[in-house]
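Pasting the structures here.
Here come two complexes built around subunit A, the first alongside subunit B, the second alongside subunit C.
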Partner chain A sequence: MHSDARPPLGLTLAAIGGLLFLHLPIVLIFLYAFTTEDRSYQFPPPDLTTKWFGVAWNRADIWPPLYLSLRVAAISSGLALVLGTLCAAAMARARFFGRDTVSLLVVLPIALPGIITGMSLRSAFAIADIPFSTWTIVLGHATFCIVIVYNNAVARFRRLGSSMLEASADLGANSFQTFRHVILPNLGSALLAGGMLAFALSFDEVIVTTFTAGQQSTLPIWMLNELVRPRQRPVTNVVAIVVFMATFLPILAAYYLTRGGEETAGGGK
Partner chain B sequence: MNAAVEFLSVSRHFGQVRAVDRVDMTIAEGSFFAMLGPSGSGKTTCLRLISGFEKPSGGAIRIFGEDMGEVPPNRRHVNTVFQDYALFPHMNVRDNVAYGLMVKGVDRRARHGKAEEMLALVKLDGFGDRKPAQLSGGQRQRVALARALVNEPRVLLLDEPLGALDLKLREAMQDELKALQQRLGITFVFVTHDQGEALSMADRVAVFNEGRIAQIGTPAEVYDRPATRFVADFVGSSNVLPPALTQAFGGPARWASLRPEAIRLSTGPEARAKGRVTALRYLGAGTRVALETGGQEIAVLVPAGVPVPEVGATSGLTWDASALHVMEEA
Partner chain C sequence: MDSAHPARGPGDRLTGLFWSRPKLLTALLIAPPILWLGVVYVGSLAALLLQSFYSIDEFSGVVVPEFTLKTYAELLVPSNYDVILRTVAMAAAVTLASVALAFPVAFFAARYAKGRWKAVFYLGIMLPLWSSYLVKVYAWKLILAKEGIITWAAEGIGAGNLLNAVLAIPVIGGNSLSTSYIGTFLVFVYVWLPYMILPMQASLERVPTSMLEASADLGAGGWRTFRSVILPLALPGVVAGSIFTFSLTLGDYIIPQIVGSSRFFIGQAVYSLQGTAGNIPLAAAFAVVPIVIMLVYLTVARKMGAFDAL
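Our next item is the complex of A and B:
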């Protein structure tokens, strides 16, 4: 395929239309962060202002949800990195009866609707008499964060193959040296990408969180509540931009990291 | 002559499968030893038993007289050239080669110097800064070789080392490996399913079949005097004669081997047997003629320049009496 082969006009228009449909609403979010009208989303905005950024900065009720969301995302992606990697290492190297079933069970939570995960966790917490806290939110998020890390790591482990690890041992390396010099450099970008995706997913999660948060609210839940109350609406949009940045940038970085990783990891073949 | 590697009735079972079954062998120090066999014959498992990636289910392995029972791979003075080379993709060639020294704690300068020395040995001077992905298959193979040699192993193991190379390169590497082994004087143990490779490179060949050694000897011994039907057929695709046919061909009532190249087509009075030509295969340097005689197919290698009969024609066969090798196997 050469770049001088132009697609037909209809196809080009359809592609542009699809992209607009996907991304125009996001532009509106940005636009409304600057509107002077604060009770309803009036289009076009009567005038533009940047004052909402200052207002949002000074609103005391924004900061606790933001901190909570950051804390939950950091802890659950950290937890997922450890558990997901260990799980992937075990699954990639061991051959045992029921291995495929276990593999499916590990991946299943991400396919499960969040509402089911949320309900089941809530009733489990109730049975076990665990009070809602930051940690119950973390547990809820960890269910899907582990899968993200696991999927990234298991694919990389598979490419790594066993002979490279054997070569390292053959040349005199102990298991720690093999991990440090062979596994980690090859797994590093996949783990970073998995961790960032997990962070982004956790940061904007609503459904599971509503079941496991109790009285606390994370940033997405705070936003949901805020939209119902028509007061300083553009502040929500300012926060939306923050959420957008906090989730989009890691995903973008993860995309570039795994893309680059393929080039280096594929080099062994 | 010291023994580099000794197998004392070594077995390795995977569940019900006896991958290696009571193998006894001694690999002499400084020799070029080939383990030859079809896939699944246990030769690769034997190699992995030496490197330590497999543990014997029974028996004992000694390397230079020392029992390897509980010695892990990283503490054996043995290095491996892996079939897929297993180079570290994130390191350049120099760091790949220097890896064995790096994990031993040799400082950067000394290990890089030694790595360059090894690269020169395998004729890859100046490739140190490249990544494995930027090398051809043959070059990667040399890097794998240099990397395995950097630790100065007393035994070098090679797992199908030439399997992934094309024919021309394979032949060049065969000569080079042989020369390298003679120069370094260390014991090379290599696994192959290619009988030509085993015969041309090795001092001694162990032919594996179903987890056991069918025969062990010099290439000439294995080729000229196969011990079993399997060896006769696998090494050089010899004609394996059942007892009745051996008798008809003037031998005792035992299994025998008769090399295709030892048979001549002849219509004269010296013909010892007669056969009908069923198939011809042109090989360039000769033609492989299949004849049916006494209900058995016999292959004859007719050298180029000698007239070849047509399919369906009847031809006489003759050979020197000494070419008929009666096998030990009953």
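Our next item is the complex of A and C:
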């Protein structure tokens, strides 16, 4: 493209400014986790300390939400892996009637605002008289995680093409052997990336969860309560760092797993 | 399978079946995800619609499961109607601001970023998009607080009075940035900006360089080329991005709850109605509003060819 053209200075500055705007606020969270001031959001922090990490570790009310979040994210991303891969496999195999409807149906839970998914599930639970439990949270999370796995898997299927599967069949492998020895190894990193992104999305989700959790508390709900009624602000900052890392690391890993392909992770959110 | 390859087990027999009837395998693969999405998601959406046509008994507070349009009529009560107007106005403002902020980033990433810088821009947009929503909102609570970094910076450069003057503007101002509409607006723009940059960048990458050169050869300056060539060709990406920023703003209730004045947005109305108020029918009717607005929006966007850029 523009191999010889240099960008105008104003454009360069605006572009870099835009990137900084996206990143600086997150850096601030890290700074605030070390502040000695625990009653306000005073800037600059009067002094720095590492004691809040120990305080957070010893807070008994943080662990149950953390476990619940981990459990929900694990089950939801597991379900999404199975359902998303099946869907991608079917879409890669054939053009069939209702194909466009299926792709719309997969995207819809994440394309519509979370409040609609949440309120819909809440209405359904009210009509069917279903009590809130871990599983009501999982129902919502798995539903919007399917698209993440699907997007990663469908791109890889497209790249895989049909010739390898035909070769496998010609060499006498049955469908299951082909799946085990040809499809799965080729799909592996795309599924791992999709699974991790789904895990990150579920671990961090708050809007749908507030409608499907009832009295239960996931880690983001715990954080939300602290934001509305703050107790020890620096402890919330420490938890914020934990939540941030729990989403940041899987995203980075997913990027490196799928780098170079057309399906580079994250394009579908 | 033919006679040259006798079937050795159930796996082979099934393979033979799939081979002779390929649609069977496709159907078996698609059935579980379709069942899940059909029952859990479409079923829930149907439940939402159903609830919105129910009403609540004003005396007992019990949901009356009979078809009525009474609940929808309640949306037109001034206090509820204001909530809808306020939310749509905010969504429009957020969308316009996102377009303006996203353009330089998307344009630079699409036209000038190469090699290592391409990766920097890709990750630089993707990481904020994916990183924890709640943490991002929280970061802005810290930034906009009365004792926070913006007040500190404004006073540091001697602009403290300017900040106070801005906060003194009626309606959009407030006690501090974190309790004003300006604050809510800033956080919305921040959180949804990457959703605007990505489709914009995708459509800008498809603008052929030859067209820009042709425009320059024909004597157009930078501004003229931008207005007459780049902008029309990038429009589908802008519309695609605006679908995200508009829809996400319409349905959000966390951001205005944490940063903003106490006046409700649609999302907050839905959340408080279904919770403490126990008025699920009215909550459901409120939740249908963004769906209807988005359906209209999507129909217009489809006519403008926005979906080619997704």
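Throughout what follows, the second predicted complex is superposed on the first by the 250 of 269 C-alpha atoms of A that agree within 3 Å, B and C clash if a C-alpha of one lies under 4 Å from a C-alpha of the other, contacts with A are read in each partner's own complex, and residues count from 1 in each chain.
In this section, contacts are C-beta pairs under 8 Å (C-beta built on N, C-alpha and C of every residue); 3 or more make two chains touch, one makes a residue touch a chain.
For clarity, every value in this text was computed on a predicted model and none was experimentally measured.
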- Task: Mind working out whether A:Val182 is in touch with subunit B, subunit C, both or neither, as first, second, both or neither?
- Result: first
- Pick one for A:Phe97: touches subunit B only (first), subunit C only (second), both, or neither. neither
- Message: Tell me the contact category for A:Asp170 with respect to subunit B and subunit C: first, second, both or neither.
- Response: first
- More residues of subunit A are touched by which chain, subunit B or subunit C? C
- Item | Contacts of A:Leu139 with subunit B and subunit C, given as first, second, both or neither | second
- Message: Per the contact definition in the header, classify A:Val82: touching subunit B only (first), subunit C only (second), both, or neither.
- Response: second
- Message: Taking the stated contact definition, name every residue in subunit A that is touched by subunit B in one complex and by subunit C in the other, in rising order.
- Response: 169, 172, 174, 177, 264, 266-267
- subunit B residues touching subunit A - in the complex, by the definition given at the top: 51, 53, 72-75, 78-80, 82-84, 86-90, 99-100, 102-104, 131-133, 147-148, 151
- Query: In their shared complex, at which residues does subunit A touch subunit B?
  - Reply: 161, 163-164, 166-174, 177, 181-182, 185-186, 263-268
- Item | Footprint of subunit C on subunit A - complex, ascending | 1-2, 5-8, 11-12, 14-15, 17-19, 21-23, 25-26, 28-29, 32, 40-44, 82-84, 86-87, 89-91, 93-94, 96, 102, 105-106, 108-109, 111-117, 119-124, 126-128, 139, 142-143, 146, 169, 172, 174-177, 197, 200-201, 204-207, 210-211, 220, 223-224, 227-228, 236, 240, 243-244, 246-248, 251-252, 255, 264, 266-267, 269
- Contact footprint of subunit A on subunit C as seen in their complex: 5, 11-12, 14-15, 18-19, 22-23, 25-26, 29-30, 32-34, 36-38, 40-45, 47-48, 50-51, 63, 101-102, 104-105, 107-109, 111-112, 121-143, 145, 147-149, 151-152, 190, 193-194, 197-198, 209, 222, 247-248, 250-254, 257-258, 266-267, 270-271, 274, 280, 283-284, 287, 290-291, 294
